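Each in structure tokens, the structures are laid out below.
The same chain A turns up in both complexes below, where it pairs with chain B and then with chain C.
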Partner chain A sequence: MNHPARHLACAAAALALLLPAADLSAAEFRLGSQIAMSGALARVGMATNEGVNVAVEMFNRVHQGRHTASLITVDDESNPAKAVAAIEQMAPQVQAFSGGYGSNIIGPASETAERAGKVYMTSGGVASELVKRGLTNFFRINNGEGYSRALVGMLNDLDIKSVAILHSTKDATQEVAHQVEEGLVANGTKVSFHAFDPAISDFKPILHKVKVLDKPDAIVMVGYENDYVGILRAARVMQPGIKLIAGVWSLATGKMANDFPELMQNVVGTSTLPYPVAFTDPEAQEFAKVYRDLYKKSPDYLGVFGYVQTRLLLDAMLRAEEAGALDQPGAVAAELRKSLNDTLIGPVRFDETGDNPEFTHRMGQHQGKQVVLVWPEKAATGPVKFPATPWTTPRVASE
Partner chain B sequence: MFELVLQSLYAGLLAGGYYALIALGLTLIFGTMKVINLAHGEMVLLAAYIAYTAESVYGMNPVIAIPFAVLVVVLTSVAVYGLVSRIRQDRELNSLILTFGIGIVLTNFVLMVWSADIRSTNVPWFNEPVVIAGTLYSTSAQVLFFLSGVALTAALWWWLNRSWYGRSLRAVASNRNAAMLMGVNPRTTEVISFVIAGLLAGIAGIAIYTVTVIHPDLGHHLTIKAFVITVLAGLGSIPGVLLGAMLIGVAEYLTITLASSALQELTGMVLFLLVLFIRPSGLFGSRGRVG
Partner chain C sequence: MRALPYVVIAACYAVVPFALGGNDYIMSLVVAALTLAGIALSWALLGNLGGMVSFGHAAFFGVGAYTSAILAKDMGLPVFLAMLAGGIGAALISVVTMPALRLRGPYFALAILAYAQIFRILANEMTWLTGGAGGILSIPPLPTVFGFDFSGKTGAYLVILTLLVLGVLAYKLIRDSYWGLALKAMHDSEDATRVIGVPSTLLKAAMLVVSAFMAGVVGAFNAHVIGFLEPDYAFAGTWSVIPVVAAIFGGYRTLSGPILGALVIYLLDQLLFKNLMPQGHQIMFGVLLGAMILFSPSGLLPLLTRPFARSRREATTTPTTEKRHAAAA
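For the complex of A and B:
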């Protein structure tokens, strides 16, 4: 055999030996995602779903040629019954679930996943009932306490003496509102309470009561984007003599800064990221790059949550696979509970209930066309403007 | 407390004005064809999104967008008529299923084109406060569309009673065969009723966009609101729609002030059920009445 032929034969033999080995170590990680892509929760569901997709894409880029992650997404139409049907439909085909939005939807969906013996990971439900059910396969990276702790911490630091809380009657918002109330009352703050139906469109009668009867130092909103816009509009008309308006999720975001620049001035809300987003560590920068590649826009906080939950899940599945236990019952759940993870939303550690006791949010304030992180001090990117409301400063929309 | 109640009455009346705008189109179509158009709210929403596009993309005032919105919604409305008119059996029941399906298609169309984000006007004038005597608060948009609601109700009522086409519409609703013998073309009158319903839905959409916040899921809620007002008023009663809408508005706002806003929607439904129980034909309805 001449030299080239001998080399070719050796290469072929080596390849023949290597190929089966490569096949043996390759694994496919099959994820299911039941999430609201239409219906009342479509906005939040779609944004979270983008983060889930980015995590899968990043996993495939990192493990290219070895492992692959695949994702099946089913739209639950913001409907609990359809969410259960989606989980039942996907369960035979996938190894775990990442998704869900809304505590009332996540509840039955995760119970269905539990019956199928599959891990259900989410960031879309903060009602405490979710972690009190004794499910072994349910995990979430955020919780209501993390939101209320941040809100109460900032209001107490600003020495606010009285607060009117306006909250939606949905499960999670109601619960967070009561947690905020407890935190404030414990510090001696006077609190008045106003529940509102999610279908309400005119908040002026409530704001009128706040202005005439409560006369608080600050208004706290616990709701969703459409509620915030309605409350802030009513507040601009009624102009109650307050020092600050603050709220929770979906408020201190780049989207609200862009869409409602006049309404949002000086408003404070829980905020994962400043806006414009400034990522510093390599993982975050890579996340932002892939996000922009896929969606041609900057990531928002829901995308970050979707990414983090899916990343943690895929990492745990990878460790379970390396231990040869991926398809064994409880293996992925055990891996998830093993370690403290440093993530884009801060430390994540899962306790026995599947909750993340490490979760604490930051507070951001709309200042001009930016969202500046103002609390806690160690995470702040600028000082808080106080006292300040949307109607006590010049407009910026036409600047 | 007196100040709070006064504000509730004022805000409730204003809300009734634009609630009536939403319900007028639904009432008209039921009055003429005995068809409950369950896609009516989605058509209102479509107009709202056209106003949003006109403002955000072309920098137009939403009021200037009314002709475009009306044109699109009228064409959609006529297309809906084209489908409904093909139903040969059990039109009342089958049109419910058909228009419900059209509503789902329209919702998903809105979702695909404009995404699930919430939208609302950023034109400052609409959100400017209008304060009367230092105690009654509203925005310019609420006053404008309250007046529009009252004016359009009056205009529609006048048209149905005084114009030839209006009377032919009522004739078809009353007895289709007799109307034909009198030289009325029932298909033309039905198309006209859908065109006017589309026109009203178009204006209602602009009102919704400027007064409140829109999102793709809103159409379904608007249909329910319009349906409740239509039944409360008495199916087919145009003046009843305005009064029924104002009654609902005032009841809702008084509930917010005297009890809790969490009960607002419940109050509307309780009122609706009470009226159905006591007066099944509605507050202003009578058997076979139109306009």
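For the complex of A and C:
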């Protein structure tokens, strides 16, 4: 055998020896996502699912040639029974679930995942009842307390003396509204409370009461997109003499800034990100880049949540795989509980119930066509405009 | 042909659990379809026999679900007894809706729809009892009886199948009785039947109670299968609309048409249309429904049985060659 032929034979033998080794260390991580792609929760479900897809794509880019992650997505049509069917459909094919939106859907879906012995990770359900069920495979990265803490913290810092809370009677909104009330009352703020049915669209009677009877310094809205639009339209007509109007999720978003630019001016809401998104750390920049590659737009906070929950889940699955325990019952759940993670939404640590006690939100304000992070100070990307409402000329608080 | 229903029922009990029992997903779709079938059957009973079109069966479904869930979870009542109580609760609450019996046609339909909304608001407001908007999580599942676990998909299937068989049986008994004859006569002219002494209001009220009971038991069953309830879900318009669509699709004037309709529309939608068009598959279902209404207004079951009915009719009415010759002679 001449030299080149010998070298070739040696190389082939070495490759043949290496291939099985490479096969042994390669793993496929199979995720399922049951989420609303149609029905009442379609918009938020799809936005969250985009983040889930980005996390899977980033995992595959990082571990290219070694590990792969695959994702099956089933539309639950915003219906609990169909969510249960979706989990049952995917359970034989996947190792864990990342998805779900709405506490009413996540509740039965996660119980089905628990029966199948698979981890169910979400960011779409903040009802406290979800973490009181004793499930060992249920995890969520956010909760109602994080939203109310941020809202109360900002209102206290602005020295607001009286607040009218307008809240939808849905489960999560009612709970957060009460948490906000407790937080404000504890700080000596006067609070008036107005519950409204999710089906109503004319908020003028409530705004009339707020304007004439309550006369608060600020209005707090705890609802969903349609509720905010209805309340803000009514408020523009009634023009109560308030200094600020604020709310929680789905409010300080790029979508609201683009769809209702005048209506949203100076409105404050919980937000993980400014808009347009300005990321500084490398992971966040990579996330935004992949997001733009896939969806040709900037990520919003729902996408960030979807990404973070899936990233944490995939990381835990990878650690379980490296420990040779991926397919053992409880291994992924145990890995998730092991560490404190620094993520795009801040620190995440899972307690025994699967909740993240570290979760605290930030507050963003619609200013022009942007959403500026205004609270807490260390995360702020600009000063808060206060007093300022959509129908008044604002001035910057620090001026 | 007369034995066909018994053969179908026997096959549903004996074949389906063995053929599909290993696939939780398919069984869960079948159970959901049969749940809709239960409401469709109760709606058809009221519409066909009572002559009343309801757009608010979600009211009875939701009340049955809440009654059973609360009794089983908070008071520890055995689940099957709680389900029965759910039916009774819905039947009792139907008494509250009886002023609507004074109305006819679309006015009755809208009044029942309003009741469903009232009950939804009450469930939201009565937080001390229903958990309010937060709803009730972890409702006790169907129990294990004599070692057989009814909380599994096969167990749930057998329970809802039995409820449907009992429902069809009750429907048939009422339809074939003197009361059924009176109800059919009321369809043609309520005034005329009143003149000959038929207590039409009483009969309509009785049909409302029976229909509410059936919808209530099905609602209770669904609560224990899903394990979760909230006002928006328990009293959702879906529970009023889809069963109406299913009953009309299958043939609401027949006994098994509503069940067939619910099975076909739900399983086609979830197993075929959803795979073909993951988002917006409901449009295909809409097209199918439109086609059915255009080409067979009386529903799917009459369409399927028409050839058999024709051949039966021909067999009984067409004279044989010999008879025709004899008649000519």
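Just so we're on the same page, the second predicted complex is superposed on the first by the 393 of 399 C-alpha atoms of A that agree within 3 Å, B and C clash if a C-alpha of one lies under 4 Å from a C-alpha of the other, contacts with A are read in each partner's own complex, and residues count from 1 in each chain.
The rule is simple: contacts are C-beta pairs under 8 Å (C-beta built on N, C-alpha and C of every residue); 3 or more make two chains touch, one makes a residue touch a chain.
Here the structure is a predicted model, which is why all the values come from computation and not from measurement.
Once chain A is used to superpose the two complexes, chain B occupies space that clashes with chain C.
Of the two partner chains placed by the overlay, only chain B lies in contact with A:260; chain C stays clear of it. Shared-chain residue A:38: touches chain B and chain C both. Touch criterion met: A:236 reaches chain B, while chain C stays clear of it. Once the two complexes are laid over each other on the shared chain, residue contacts for A:204 go to chain B alone; chain C is not touched.
In the superposed pair of complexes, A:78 makes contact with chain B only, with no contact to chain C. Once the two complexes are laid over each other on the shared chain, residue contacts for A:225 go to chain B alone; chain C is not touched.
Measured by the number of chain A residues touched, the leading partner among chain B and chain C is B. In the superposition on chain A, A:212 makes contact with chain B only, not with chain C.
Legend: residue contacts after superposition of the two complexes on their common chain; A:169 is shown touching both chain B and chain C. Legend: residue contacts after superposition of the two complexes on their common chain; A:196 is shown touching chain B, with no touch to chain C.
Between chain B and chain C, the overlap after aligning on chain A sits in one stretch of 3-11, 21-29, 39-47 or 93-101, namely 93-101. The interface of chain A with chain B overlaps its interface with chain C at residues 38, 169, 197.
Within the complex formed with chain B, the residues of chain A that make contact are 38-40, 42-43, 45-46, 78, 169, 194-197, 199-206, 208-209, 212-213, 225-226, 229-230, 233, 236-239, 255, 259-262, 395, 397.
Interface residues of chain A, counted against chain C in their complex, comprise 37-38, 75, 79-82, 84-85, 88-89, 91, 104, 107-108, 111, 127, 129-130, 133, 169-171, 173-175, 197-198.
Chain B contributes residues 3-4, 7-8, 11, 15, 107-108, 111, 115-120, 122, 124, 127, 129, 131, 137-139, 142, 211-213, 215-217, 221, 253, 256-257, 260-266 to its touches with chain A in the complex. Looking at the complex, you find that chain C touches chain A at residues 24-25, 28-29, 32, 35, 121, 124, 132-135, 137-138, 153, 222, 226-228, 230, 232-233, 238, 270, 274, 278-280, 282.
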